[in-house]
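Both of the next two complexes hold chain A, though its partner changes from chain B to chain C.
And now, the complex of A and B:
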């Protein structure tokens, strides 16, 4: 199992270094890049211990959604100031090489984890947990999620609802003085309400805009 | 098949939450309607919970959800204090322009989380309940988003609470790792006394829980959050999450970890002593009543923890009595605070109380009774609360804890008495408005009468609580 431990040390080394770099790097965009690298390394570690569902969820949720959201947020902060920094002098733009470096490392990690698939470690049954090792993670979660853990599932639904209400409460602002289009009003207008015939006296004209 | 009667309160509160939300969304200007509907649903809820008492205790969902005397009682007082919160604060939230449909809905969802926490017999269920209640609390704290202090308090509570949740989850994973289960009963069967990792797990989970009840040294957020959030949310903060978190502490320590009591007893004693002393000393210099009540609640949580630290049934019961009386006293205190209103502006400084006995004799008398009770002066309810705690502590020969508790009571009495002195002997200021709405008057009268006349029927509360046996 020497290969397995080598892989483990590679991934954990990258994970720890990138976690340190998240806080150490001065550029916020680089911090997010390192965060993504950290997430990918940790999900590789999960896959190595046989928790493939957790690993894939890490990739989808954290890398796919959270980290990209972070990237957007970071890029939106201080836009003017950063724009100046990025575009004023082309030499100071270090995002592209940094991004390339990190994507190369991620590519390398994925190669390693797929290649090292067959070197999976034997799960040691230290506690009588009653785990059936023949069933995959996804299957065994599927067996219990809607049966034994239905209450937890429902409560997490309530949590999401509360989170949604909270986000709306904190960000929604009723703006006044906006002209809104109302289809109903437009359609239900009658001819006699909107058109008025006026006798125009000669040499006097009419005032329309009252 | 689950007997649906047992989880009827939770089902009812979630369904009424969604129903009320839909009404609020589809009906224009329905804030008042939504508020009243919430109140009605809470009244129905309390009836459902009282009905539940006739059923024998039972557990559900693979014994991860427990309905017993403890959960029934705690849920009942949670809902009752929720009613008091809504009763007292309707005018206040109108006057600071946060009378929106989301406000009662968030309160309901937070209470659902608390009920889940109270009934949980499993680390996962408990964590879900905790997150549900605190997620709503983050939003409630920063509900008055035009106010800088309110936004700051919401953010502060969010960041610190997320940190404590992280620590708590780490503790949960350690406990799971060393016992092989998240269920409290199975943990109790599986734990090995000498395992160090398990102790770490208990400590980390206790850190997360101590944060929720703002016990020293995890109290830093409390004064700022109490001061910054709207007063109607402060009263919510001061009462409801503490009931839920205290129940979880009791269940968490006494169901899975009763056999390893020597591992956690010292921690709870330390939290208790530190909270009592800090709550007494730090409140002296405050001149904002909301900050003062934050420190006083820290101190009160210290007494409640002293009861838990005894490791006896009597200790748990005394803590439960303490939290029940604490909630009544806080309702009375905040009702008085809501009455300090002049031209739709609310006052919360101690010097605003100066000489109100001349202009408002009845209000100041109620305030006097509440403060005496908070200080623990006989024959008011607050005295009995402390009395039961000390009785349980001395029964277990923990004299040191009892002495510290008594000393900090004396120190704490100073700042309560200082407010009374300012109220009665300082120069009178302008009059406050007296046209309070019925709900506020009602809750002040009810809570003051309970505080005042508790000594005549102490048996009725004790009798209910004596049924709660965990050991």
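And now, the complex of A and C:
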């Protein structure tokens, strides 16, 4: 158990420090790297409490896909322009009151949740799920997700699909005048519609109409 | 406390017992790759150092070790140094869950296939970090290409993995292999094997999808600014990743360590030998593809990933699920 708690403290320390560094580091790309470190250490914590499926999903979805897109966007920004900005500089200090307000609200929400979890157990665990230790937690998540919560699950899938289509519609632009390869067009070309034999008369040449 | 140390040393011993053969295999496989490539083009390839040139990779490693590591002045030094380390570590870390035989694995975890998938999807960070930290145009372009390519092909690999999982009913790699005792998944899921193979080529940045380092356009892509041992680490990580993809392919489709000839002289051969032979077979295919096929254009690569592989594997997923459901073959709670 000692080793277990030592590892717990190592991972949670890394998670907290990197979460602070996300906001405090000067370079935006460094912030994203700290965010990735944060995700990784949180997935380690998930694995330590036995939620290996959630931990792996955290790695695949957040670190493997979402954070890559974050990095993409941030790397495209002009980094040299922002190099000398510290989060307490004059230009960004105007955001501090608003940020403080939001963080105070979040802090109280967390306090309410933790206090409720500690003292009013029956309110928080209103839907106790019988955890069956015989099956792996991938199986048990599957059983719950595809039986009791199938409609919620499907609706969240539909919301994601709508968001995806919306993003495509917003960014898609049909540009004219660009050269695009179409396999179907290339394959379906016939000889007689692309080649024409012309008799060239002397000193007159051929007029080619394009 | 003493027993913790006993466990720790036991694990370290096991890890060394796995890592040293893997690293040696990576060195040998670089030689094999160059040799196959040369034979296809009617050249001789590396044949001077040692018998058949077998020690060529060792000689190269020695050469890299004594070369100077140049760190560009305008680079982001910490990330620049971290990038090859990340690539190498991630390529080696995934081997922890690969089973070489029944109960012949370092860590037999329940979500083994997800672990491999997660680690191979993290592999993109080594390339992005290297490309960005070099602070130079070609590496940056190479790394952006590579990131987009790897993220797109992961999607189809994920769906192919789900296809296999539907037939197994477990995420454990040992269970996946044991489920193929009757018939290897390459036979019922042959189209998925083909797509997996091509996606694995793209995922490991092998030709014909080696656009991140396309030497004709991008010098060497994200590796341009690297030199000495750091370059060698990128190189080793890349080949360890290729071996890992071959191992994944042989576990998912070729029956892992199971013997193909289940009668007397052949069933005495130990299971790791079969597994290694299958990995080698897949690697030979990788090497042949490198020698035979010309490089794809970038838009063709994206089109292949998103417009052909993704819909096809999704349709195949629906077909597999419907077939298993209709004939009541779903492996529910089989374990």
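To be clear about the criterion, the second predicted complex is superposed on the first by the 120 of 210 C-alpha atoms of A that agree within 3 Å, B and C clash if a C-alpha of one lies under 4 Å from a C-alpha of the other, contacts with A are read in each partner's own complex, and residues count from 1 in each chain.
The rule we apply is simple: a residue touches a chain if its C-beta (ideal position, glycine included) is under 8 Å from a C-beta of that chain, and two chains touch if they have at least 3 such contacts.
Since the structure is predicted, the reported quantities are computational estimates derived from the model, not experimental observations.
**Student:** Could you tell me whether chain B and chain C fit or clash when both sit on chain A in the superposition?
**Tutor:** fit
**Student:** Return first, second, both or neither, reflecting whether A:108 touches chain B, chain C, both chains, or no partner chain.
**Tutor:** neither
**Student:** A:65 contacts which: chain B (first), chain C (second), both, neither?
**Tutor:** Second partner only, chain C.
**Student:** Touching A:148, do we find chain B (first), chain C (second), both, or neither?
**Tutor:** It touches chain B, and chain C stays clear.
**Student:** Between chain B (first) and chain C (second), which does A:13 come into contact with in this model arrangement: first, second, both, or neither?
**Tutor:** Neither partner.
**Student:** Tell me which partner A:36 touches in the superposition: chain B (first), chain C (second), both or neither.
**Tutor:** Touch status of A:36: second partner only.
**Student:** Could you tell me if A:75 is touching chain B, chain C, both of them or neither one (first, second, both, neither)?
**Tutor:** Only chain C is touched by A:75; chain B is not.
**Student:** Note down the smallest distance between any C-alpha of chain B and any C-alpha of chain C in the overlay, whole angstrom.
**Tutor:** 18
**Student:** Output the chain A positions appearing in both contact lists, the one against chain B and the one against chain C.
**Tutor:** none
**Student:** Under the stated contact criterion, what part of chain C meets chain A in this complex?
**Tutor:** It is residues 1, 4, 76, 79, 109-111, 114-115, 117-118, 121-122, 124-125, 128-129, 132, 140, 144, 147, 151, 154, 158, 170-171, 299-300, 333 of chain C that touch chain A.
**Student:** Can you list the chain A residues touching chain B in their complex?
**Tutor:** Interface residues on chain A, with respect to chain B: 127-129, 148-152, 154-156, 158-159, 161-163, 165-166, 168-170.
**Student:** Quick check: in the complex, which residue numbers of chain B touch chain A?
**Tutor:** For this pair, the touching residues of chain B are 14, 17-18, 21, 60-62, 64-65, 100, 102, 105-106, 109-110, 112-113, 116, 124-125, 128-129, 131-132, 135-136, 138-139, 142-143, 145, 180, 190.
**Student:** Which positions of chain A touch chain C when the two form their complex?
**Tutor:** Against chain C, the touching part of chain A is residues 2-3, 27, 29, 33, 36, 52-53, 56-57, 59-60, 63-65, 68, 71-72, 75, 135-139, 181.
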